[in-house]
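Next up: some structures, all given as structure tokens.
Each of the next two complexes has chain A plus one more chain, namely chain B in the first and chain C in the second.
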Partner chain A sequence: MVKYVLKRIVMGMLAIFILASVAFFMIHAVPGGPFDADSTEMSEEAYRNLEAKYGIDQPLYKQYWMYMTNLLHGDFGESLQYTGTSVADLIGRGIGATARLALCALIFSVVVGLTLGISASLRPDSGLDRFCTALSTIGVSLPNYVVAIILMFVFALKLKWVPVTGLDSYKCYFLPVIALSLNPIAHLTKLTKTSMIDALNQDYIVLAKAKGMKKFRVVCLHALKNALLPVVTYVGPLISSLMIGSFVVENMFTIPGIGKMLATSITMRDYTTLTGMVIFYGVTVIVIGIIVDLVYVLIDPRVKYD
Partner chain B sequence: MPRIQKKLQVRDSELENRPVIVAPELLGKLEDSEKDSEFIAMEARTFLQDAWRKFKRNKLAVGGGIFLALFVLVIIFGPMLSPYTYDGIDLTNMNASPSLEHPFGTDALGRDLFVRVLYGGRISLTVGFVSALLNLLIGTLYGGTAGYIGGKVDQIMMRFVDIIYSIPTMLYVLLITMVFGSSLGTVITAIAISSWASMARIVRSQVLTLKEQEFTLAANALGASSKRILVKYLLLNSIGPIIVTATLNVPTAVFSEAFLSFVGCGVAIPMASWGTLSSDALPNVLTYPYQLFFPVMAICLSMFALNFIGDGLNSAFDPRRNK
Partner chain C sequence: MHILEVEHLRSFFTTDNGVVKPVRDVSFKLESGEILGIVGESGSGKSVTMFSVMGLLAKNGYVGQGRVVFEGKELLHIQPGEDWVDLRALKEQKEEYEKKLEDIRGKDIGMIFQDPMTYLNPILTIGFQMSEGLKRYFHLSNEECRKRNIEMLEMVGITNAEKRLSQYPFELSGGMRQRVMIAMALNARPKLLIADEPTTALDVTIQAQILELMQELKEKIGMSIILITHDLGVVASMCTHVIIMYGGQIMEEGSDMDIFYHSRHPYTEGLLNSVTTYDEKTKAKRRLEPIEGSPPDLRKPPIGCAFVDRCKYAMKLCKEHEPPVMQLSDTHSCKCWLCNPEVTALKEGK
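Take a look at the complex of A and B:
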């Protein structure tokens, strides 16, 4: 077990290392230096000073070493767009909104997805089952910005039930959370349904029923407990999908989170912020992935540690 | 001659004890064509024929296929029939509503939206199909090699896949398109080289089980080369999961491209994919909702069609659903 945990952590660190290296070399593959545009009005000396300040005059391997050691200290460099503000500060400012939104969407999609999946598995071919199938088809076929647009158009602009942008009151959460969760709900419903149907066909369910157990007990204790195991593996991809989705949704609803900043850094060609945020996203997803894997091993004794 | 023969046999003793009641019209001579009817036989079908039969029975999947084929035809030939071009600016006719002249209306620069949506389809679907094809090539070769060689090489190759897999695809794609500029080629390459990990995993697990089977041993004993075994015996036999994964990769790639265009990293102007068209129309959605409606509908309909085809193929190729 300890060996498995260590192995997983080492793999995660390797992944982060590779992502950071890719980010570093990508940025350095861009032709031209960051101060080239200003250099016409700049004296040779000022240009040299600027290069020295940001360490650009150093050879590439030294810059790489510097970048990596800085990363280890949580220093993602300075934003090119807001001079004097570190990327870490920007992330700190945006993380609250993104985390709150992602957490709400996570809870919402798990609750709705599980409920729909379980109910559909109990009554195959009923109206509810068909509704769930339709929902999962629509959920995987609609890009989340389309969902966001439709929701915004109907509920915020036409019906005026909720505010269009911002994240000031609890009302603001409804639309972004639904837009974020539709795709995960589609996957979760489908996954829960199939694994519940599998579990309900097992011999121990027949035994439990034969012993005269109440249906509720059979479904919730015997079937669900076993059906949930494959669903847990989806949590990793779920988190990653919520993070990437937050990117679009935050822009649509003008929510001041990391996703919004990332998009701004793309339009402003702010490379340091972009790489910093990309690495931050990657690290978050990888760490959550490791935690999910470990939890999975803990709750399912059948999983081998290999 | 039919391949499976089974004679209907009745024991003589049973016949003797039974009163014979036969309608007289049945006692006539058999026609030549009827003489074989006591042999119960079914024509042998290949794996692909079997899958095709099952796929044909799935109405949604067939509908999706027909729709997509028509859609592709319209996308290819539609712009040739229209008098407008995708970048023809007409400032006297800005933001026109849908009419006979402009079926989808015009945008803020007076460009015909019908033609633009069709051109967008060319870009979006090209991105989808080409990157799914590249993905298939890379993933199949990588996973096949890892699974076939096995041992230490497999371990190392698959650890690398694990690492790639653990980071969201979109992050690589963003970095690549940011740095190398956002042309059609870079977008396709970026999506393809960052999304083959799951294909490699699927192919590897297929190859791992197939190479333990007797036919591989037989091929080996007969002296077939490694390349022949890998391609003809192992990869060709795992064609089902490969086709299914590749089909479902097309909508994912179209999705990724739409996402990229939406955040401003997609294929550069004046061409516009569906993602670009919808993000362009977004600021004026209240005044000109139709500018958003048509590209979004195009995305949704093709997504539905592709997903239906993928699901249909999935159940057609799944041996557990043999009915």
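Take a look at the complex of A and C:
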């Protein structure tokens, strides 16, 4: 087990090395430099100075070598866009907002999705079941910018219950969290319902009842624990994608998260920030992957890694 | 006193291919402290009968009619409906019955199932699963549960009991899982034990050991047992009261003497003739004359006698009319036209 985790960490580091290299070269393969847009107002000399300052005048392999050695020390370099700010600081500034939103959306979608899924599995063909089916179908197909626009229009502009943008008060969280959660709720409801129906039909449920276990315990312990495996498989990647932050939602609600930052760094050709963020995403995905594997072992003793 | 009375029980399953009727008017009474054997080929409705009584029918299964009385208390009473299709009412009655049984199952009535591979929860430890009932009904502490579980596992012949408690079902062999299930059911010292082919998965030595244990507990705590099996040898050595089931109906019922020495039903005769014997000389198992043919389709059971298609004495009458249950003595009854004196008189007159 420990050996497996260590192996996963080493593999993860290797993956990040490759990812960093690919990101570095791909970004440098794109024509145009970071200071191109301003070059008309800049003298040739100032331009050269800037390039020298950030090492952009060096040959590519040297830039790569520098970048990688710095990376090993946990240094993503300095942002090309905001002079004097390190990429790590920049990510640190954005991650707070994104993480808070992600956590709220995660808890909200897991609680709602599981509750709906379990209830629907207990009463097939009831009104609630049909509602869940409708919700899953709509939630899966509606893109979140549409949801965001509708929510914004109804609750912020018309009813004025909550602010339109920003993340200053707790009220600001409602709309972006709902916009982020609708799709996960749709998936989780459907997934939970299917795997609960399957679990409830198993023989071990009959034995649990025969032992005299009350219905609540039969459903919420004997069936749910078995039904949770496919749910965990979905929740892992969900956490990663929420942590990466949503371009769309963060942009629409003007939330200073890292999703918005990524968008800006692309348009501004901010190489260092961009590579830094790609690596940050890679690390997030890999770490969460390892955690999900560990959770698997906790839930299902039959899962063995070697 | 009767510990369990079942009257006119009918159960059915709704399926995509129509309604399956595996229990068709089954009645029996179980004397407190006796061991009742229910025998019949597979598919004759033995399991479904007991599942109905325990309120454990699958989602698509319903009791359509019947009365169940446990220790003199009426638990279920469903009058025969106009037809069997008022599912909503039956569903409500089913849920109500299941709720009523929640406090009886596991404590007063224990059940052992046929298939050891699927009935244990795959992701909970043996110890956890064994303790659940003890905690619910006897409020034992973890330590007390552990002691009791170890004792019980040793009684059913499991070595290394302490270690087994922290293992999961997939780490145990089929025979061991079956014994765990038996230990689990006996743990609460139920008044009635329903054992659905409990030893089919076990080898002969362990089978004997388990049966002995069941008998011992029966004496010690006055437990009554319903033993479902297709092994007539086991019935002969254990049971004092025997029911022969076929096609969802009771064909013959009587004491062990009635069934083994004075059987009257052609199906019982067939079963007795097909007993697997063990040849001392060749050390080979030998099956004598199995009954030809296969059990009836329970979606469209025969109008007359359920056994008519395979019976070597079948008459025209048997095809057209269902034979009534004939009471042959205080203990012995038989559902066959041949037991009807008028029919035999007619036959002989011919």
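Simple rule for what comes next: the second predicted complex is superposed on the first by the 268 of 306 C-alpha atoms of A that agree within 3 Å, B and C clash if a C-alpha of one lies under 4 Å from a C-alpha of the other, contacts with A are read in each partner's own complex, and residues count from 1 in each chain.
In the analysis below, a contact is a pair of C-beta atoms (placed from the backbone, for glycine too) under 8 Å apart; a residue touches a chain by one contact, two chains touch by 3 or more.
Just so we're clear, the structure is a prediction, and the values are computed from it rather than from any experiment.
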Quiz item: With the two structures laid over each other on chain A, which partner does A:Y281 touch: chain B (first), chain C (second), both, or neither?
Solution: first
Quiz item: A:P59 contacts which: chain B (first), chain C (second), both, neither?
Solution: neither
Quiz item: After superposition on the shared chain, which partner residues are touched by A:N226: those of chain B (first), chain C (second), both, or neither?
Solution: second
Quiz item: Counting only touches as set out at the top, which of chain B and chain C does A:G127 meet: first, second, both, neither?
Solution: neither
Self-check item: First (chain B), second (chain C), both or neither touched by A:G84
Solution: neither
Quiz item: Residues of chain A touched: more by chain B or chain C?
Solution: B
Quiz item: A:D300 contacts which: chain B (first), chain C (second), both, neither?
Solution: second
Quiz item: Which residues of chain B touch chain A in their complex?
Solution: 159, 162-163, 166-168, 170-172, 174-176, 178-180, 251, 255, 258-259, 262-265, 278-279, 282, 285-286, 289, 292, 296, 299-300, 303-304, 307-308
Quiz item: Touching chain B in the complex: which residues of chain A?
Solution: 11-12, 14-15, 18-19, 22-23, 26-27, 29-30, 137, 140-143, 145-146, 149, 153, 157, 240, 243-244, 247-248, 251, 263, 266-267, 269, 271, 274-275, 278, 281-282, 285-286, 289
Quiz item: So in the complex, which bits of chain A are touching chain C?
Solution: 201-204, 206-215, 222, 225-226, 299-302
Quiz item: Which residues of chain C touch chain A in their complex?
Solution: 51, 54-56, 58-59, 98-99, 102-107, 110-111, 113, 115, 118-124, 132-133, 136-137, 168, 170, 181, 184-185, 188
